[in-house]
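Below you'll find a set of structures to go through.
Each of the next two complexes has chain A plus one other chain: chain B in the first, chain C in the second.
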Partner chain A sequence: MLGYIIRRILAVIPVMTIVAIFVFLLLRLSPGDPAAIIAGDMATPERLERIRESLGLTEPLHIQFVTWVGLLLQGDLGTSLISNTPVTTMIGQRLWPTINIAVLTIILSVLIAVPMGVIAAWRHRTWVDSAVMSFSVLGFSIPVFVIGYIFIKIFSIELRWLPVQGYAPPSQGLWPFLQRAILPCLTLATIYVALIARMTRASMLEVLGEDYVRTARAKGVKEKVVLFRHALRNAAVPIMTIIGTGFALLISGVVVTESVFNIPGIGRLTVDAILARDYPVIQGMILLTSFIYVFVNLIIDLSYTFIDPRIRY
Partner chain B sequence: MAAAPQPMSAMQTVLGIFSLPRNLRVGIGPMIAAGVLFAIVLVTACAYLIVPHDPLAMNALQRLKGPSAEHWIGTDAYGRDLFSRVLVGGQVSLLIGIGAAIISVFIGLLIGLVAGFFRWADAIIMRIMDSLMAIPAILLAIALVALNGPSIWSVIFAITIPEIPRVVRLVRAVVLSAREEPYVEAAIAVGSSMPKILWGHLMPNTLAPLIVQGTYICASAILTEAILSFLGAGVSTEIPTWGNIMAEGRNYFQLMPSLIFWPGLMLSLCILSINLLGDTARDMLDPRLKKREV
Partner chain C sequence: MLFKKRSFDDAPAILEIRDLSVGLASNGLEVLDKVSIRIRKGETVCLVGESGSGKSVTSLAIMGLLPKGALEVTNGSIELQGKNLIGLSPQGIRAMRARSISMIFQEPMTALNPVMRVGDQIAEVLNTHTKISSREARQRVLDIMEQVQLPNVERIYRSYPHQLSGGQRQRIMIAMALVLEPQLLIADEPTTALDVTTQKQILSLIAKLQEDHGTAVLFITHDMGVVAEIADTVYVMKEGQVVENAPVERLLREPKEEYTRRLLRAVPSLVPRPPRPMDATKDALSVSGLDKLYHGTGIFTRTPSVHAAQDVNFVIPRGRTLGIVGESGSGKSTVARCIMRLIDPTAGEIRIADTEIAGLSRGELRPHRKHIQIVFQDPFRSLNPRWTVGKSLTEGPINYGMPHKEALAHAAELLELVGLPKDALGRYPHQFSGGQRQRIAIARAVAMRPDVLVADEAVSALDVSVQAQVLQLLDELQQKLGIAILFITHDLRVAAQICDDVVVMQRGRVVEHDTAANVLSQPRDDYTRSLIEAAPGRAWDFANFRELEAV
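Right, the complex of A and B next:
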């Protein structure tokens, strides 16, 4: 068991190394002079030179790589070309709104999606099942920002229940935070709910046909207990896996949702960086989000043995 | 889905060109989806024959006007006809979707065949693919467009790269199981050339799942194009695409929600139809999945 955990943690190293190599080469292998691309058409020679220097583009490739990785390992993601602040500082200042929104979204999604999937599987081939599946296909088919604008139109502009945009940290009181966070969270949750509900339904359908479910029902266990304790626990592993892989969707969604709702998080930071061609910030965000994705999936992989005692390594 | 036999409709005849077994009947949902998709593709493909106005012609006097006899669903912030723009915008969006699907399926197929067949290549290729999958698709695409410029090809390329690992995984899994089949072992035993085994014997096994995967990639590529444009990292704003029209509509959302609503509706209908057809194709091409109702 301990051996497995160590091996699984060590397996993160090659993946993150290749991600780092990839991100490194992305800038260097792009056609044309990367400094000129970043600086845009109106750049002065001085600015080009400054960009080249700050990205370390003047050295030979292998030396650039060693220097770059060396700085990375010390937690240095470079310096913004626009504000001249270290990228890590910029991300640090904007991290909390995103974490708050993301955590709330995950909790909300699981609370909505898992019961939805369970009920769809339980009432297989009825209108409930069709409704859940239709919602699920619909959730995949509408762009995140369109969902966001539809919510703003309905709840903020027409009904005037909630503020249109903005963000308040939870430290200023829970209600102002929730008031502004609920629409972004629902927006982000739509696609995540679609994904998790679909997987829960599929996984539950498989389990509900098993002998032990029939036995449990035959000996008079309450249907609710059969579904949520006997069946759901055995169906949990694929659901956990999809929550992990769906995390990538959540990250992409955060970038879009934060700019729809004007939330000062790292997603908004990324969009501003795109518009300003601030490449070090984009690069830092790619590295950070990849790392978070790999880390979340590592935790989920390791948690399998706790959810399902049959899994032994 | 459909239990009772239905008379052959035009749509079933159209679907018939894929030479599906006759006992696999198509339900009403997929038929509607096919109809909607066909209509959208037809209308956007012939957009320049239909449109009442030049989609690029600006008119300062007609800015942000509501629906009228002249402009059926209104005008945008530059006084351009929204109806014409939505139709023409579909061309580039669909082109990007189809282009990204074909290219990522083709490249993924080649890499997946190699990874599935040659053990020495498998470990290296799959490590690289795992790493590529760890990078959030949108962020990778943003970086690629930022570095390669806002051309249509650069956007297709940017959407294709993050999709390739998913295709590779699929192809590799199919090849790994097909490789153990007697006919493949026989082909190796009689000394068939390696390209012949890969392309002639193993590749056909991957076609059915790849068609399904291709439809999903097409749908997700159209979505990604819209998101990239929305974030300001898409096709150059001079070219109307569904994403670009919505991105421009952002600033006027409170005033004119239809700038986001109409292109959003077309795009969502289009993606919904493609996804539904993908699900149908999956159920038809893999009866085992249908039985398990996954």
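Right, the complex of A and C next:
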């Protein structure tokens, strides 16, 4: 087990190296002179030269790479071309809102979706099952921004229960945070509820036909116990995979929701950086996102061993 | 043969099933038709019949476990000590389960929850039905585990099912079923998935616990040997009806119904068939010094290496059948897979006709693959469910360059050869019965015109009557085509019926190798002897309804 964890962590190195090479080449191989793009149409040749030097673009490619990686390993992702602040600082400011929203969304989704999927499987081919499946299709099909605006219209404008948009960190108190976070989280959750409920239902349907479920019933245990203690844990591996992947997607930023609710998260940071061709920020975001994916996948794989004792690495 | 001869005339009835009918919920088609069974205190009632005869449906109906929305009781009553179980509320049924009637199942691996410690699974019965403290529950679980003769109960309490052997798992199931001392234990083929020696232990364990607690047992089985060993009373089922019931000795000596006679006649005899004259001199398959070693894995703590097969030698001449007999883990399937090169042997030689194939690479092996074909145990899973029979039968020959049309014509001939109609070509596996599917699997193997046919437990999943037909088919094919057959089985009765020679394997080694007649009637090795002694009902000649005459 420990050996496996060490091996998996070591396996992160080649993955991140490939990502780093890609990210590095992104700026150098993009069409046109990056310095010219950065400097804008009205720049003087002297200014162009200064930018080139500040980016190290005058050196040969391999020297540039070594310098860049050296800085990277020290935690220096460079400085934004637009705001002139270090990229790490910018990401640091924007990461927490996204993480907070992602965690809350996933918790909400799991709490709603798992029981929904379990009950749909239990009441397979009844109206309950059909209702859950219809909701699931709906959750997939309606665009996120539509759901967002509908929620705003109902809860903020008509009922006036919650603010229209904005964000407050949990450090300013749990209530202000929840007040602003609940609508974006519910909005984001619809698609994840649909996804997780579907997966739970499919996985549970398979497990409910197993012999040990019959054994549990033959013992006379309550149906609730049959479903949640015996069946659900056996059905949990694919559900866990979906939850983990969903979480990774959420962390890497959700642009539309952040825009609709005006949340200063990394999704918007990324889009703004792309529009402004702020290469250092784009590079930082790609590195961060890749790292999150690799890390979350490791956590998912390790979680299997806790769910199923037969899985040993 | 010593039959049970206890009288239950004065014993009170524990369970009384009267005119029980069960139908498909969708169209009301009857699955059980007016079944009546009486089980008295302390009695062992065996319910026998072929698959699909309604044995398991009967047991599930008693437990209230009929699949919801698929099967429902349409008529009759099931009375447990005078109280009708049909129409009981869900709470009432739940309270009855495990406390009054409990059940053990065929496959102890799948019947136990794989992600829960076995001790907790037994304790759950106590927690559900009693209000005792968790310490007390734990003590009672350990007690019952001792009673079912599990070793090292503290350790096994904390084990997961996959860490236990098949016999241990079935003991856990029995412990779980008996911890609340129910009046009735329903055992649905509880030893079918176990080795004969384990089966013997489990059967005597059930008998002992039954004695100690006065439990009535409803034992469902298709194995007449088991019936002869354990039954007081036997009920024979056919197509949803009870066709005959009688005390065990009377049923086996003087079966009244033709169906019962047929069922008994199909039981393969332990007496080996007369040896066939050896006329062929050419060896179709020769194996020498075959070794398969599984290396241990792990970086910090290395699991020990396992010798799955060690120094295995044998030859099969053309047109002869060699049986490999052994219990699970004996290495018999490993040998079969090595010969098929589904896994790679660690050392040794495998010659098919004159080609050495053990050392060939995957690519070099390709042209030789068609000379050796395999038939697997479970015909429900060994045929691609999305392919027509025609496609399954022609795939191999087409791969080896036979034109499509010719392959199809050949496939049609093969179907005839295995006794299936030609129009089966366009149908799918699920449209056939188990026996028919196994015929298709055999046709698929024979389509390649192999020199050697490996049958890996090829009749073990079939009913005895179907089993007899498939064995007959293999015999005919062998005579027509001169194929050599390597027959892997755990069933000595089957081996006695089809094999010319028998190899007995134990823990990867060959312990005995001789003609079938010698191995089965004068076994030299202790292990072979223990296997033969464990075969249930071995003193009874089922097909002739009398004691076996001493050979």
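Here are a few things to note about the model shown:
Here, the second predicted complex is superposed on the first by the 282 of 313 C-alpha atoms of A that agree within 3 Å, B and C clash if a C-alpha of one lies under 4 Å from a C-alpha of the other, contacts with A are read in each partner's own complex, and residues count from 1 in each chain.
Methods note: a residue touches a chain if its C-beta (ideal position, glycine included) is under 8 Å from a C-beta of that chain, and two chains touch if they have at least 3 such contacts.
The structure presented is a predicted model; accordingly, all values stated were derived computationally and were not measured.
Of the two partner chains placed by superposition, only chain B is touched by A:270; chain C is not.
More chain A residues lie in contact with B than with the other chain of the pair chain B and chain C. Of the two partner chains placed by superposition, only chain B is touched by A:286; chain C is not. Contact with chain C, but none with chain B, is seen for A:221 once the two complexes are overlaid on the shared chain. Shared-chain residue A:310: touches chain C; no touch with chain B. Legend: residue contacts after superposition of the two complexes on their common chain; A:185 is shown touching neither chain B nor chain C. Remark: chain A residues 14-16, 18-19, 22-23, 26-27, 30-31, 34, 37-38, 124, 137-138, 140-146, 149, 152-153, 157, 164, 202, 205-206, 248, 251-252, 255-256, 259, 270-271, 274-275, 277, 279, 282-283, 285-286, 289-290, 293-294 touch chain B in the complex.
Within the complex formed with chain A, the residues of chain C that make contact are 63, 65, 69, 90, 93-99, 102-103, 105, 107, 110-116, 124-125, 128-129, 160, 162, 173, 176, 298-300.
By the touch criterion stated above, chain A contacts chain C in their complex at residues 2-3, 125, 210-212, 214-223, 225, 229-230, 233-234, 307-310. By the touch criterion given at the top, residues 127-128, 130-140, 142-144, 146-149, 219, 223, 226-227, 230-233, 246, 253-254, 257, 260, 264, 267-268, 271-272, 275-276, 279, 292-294 of chain B touch chain A in their complex.
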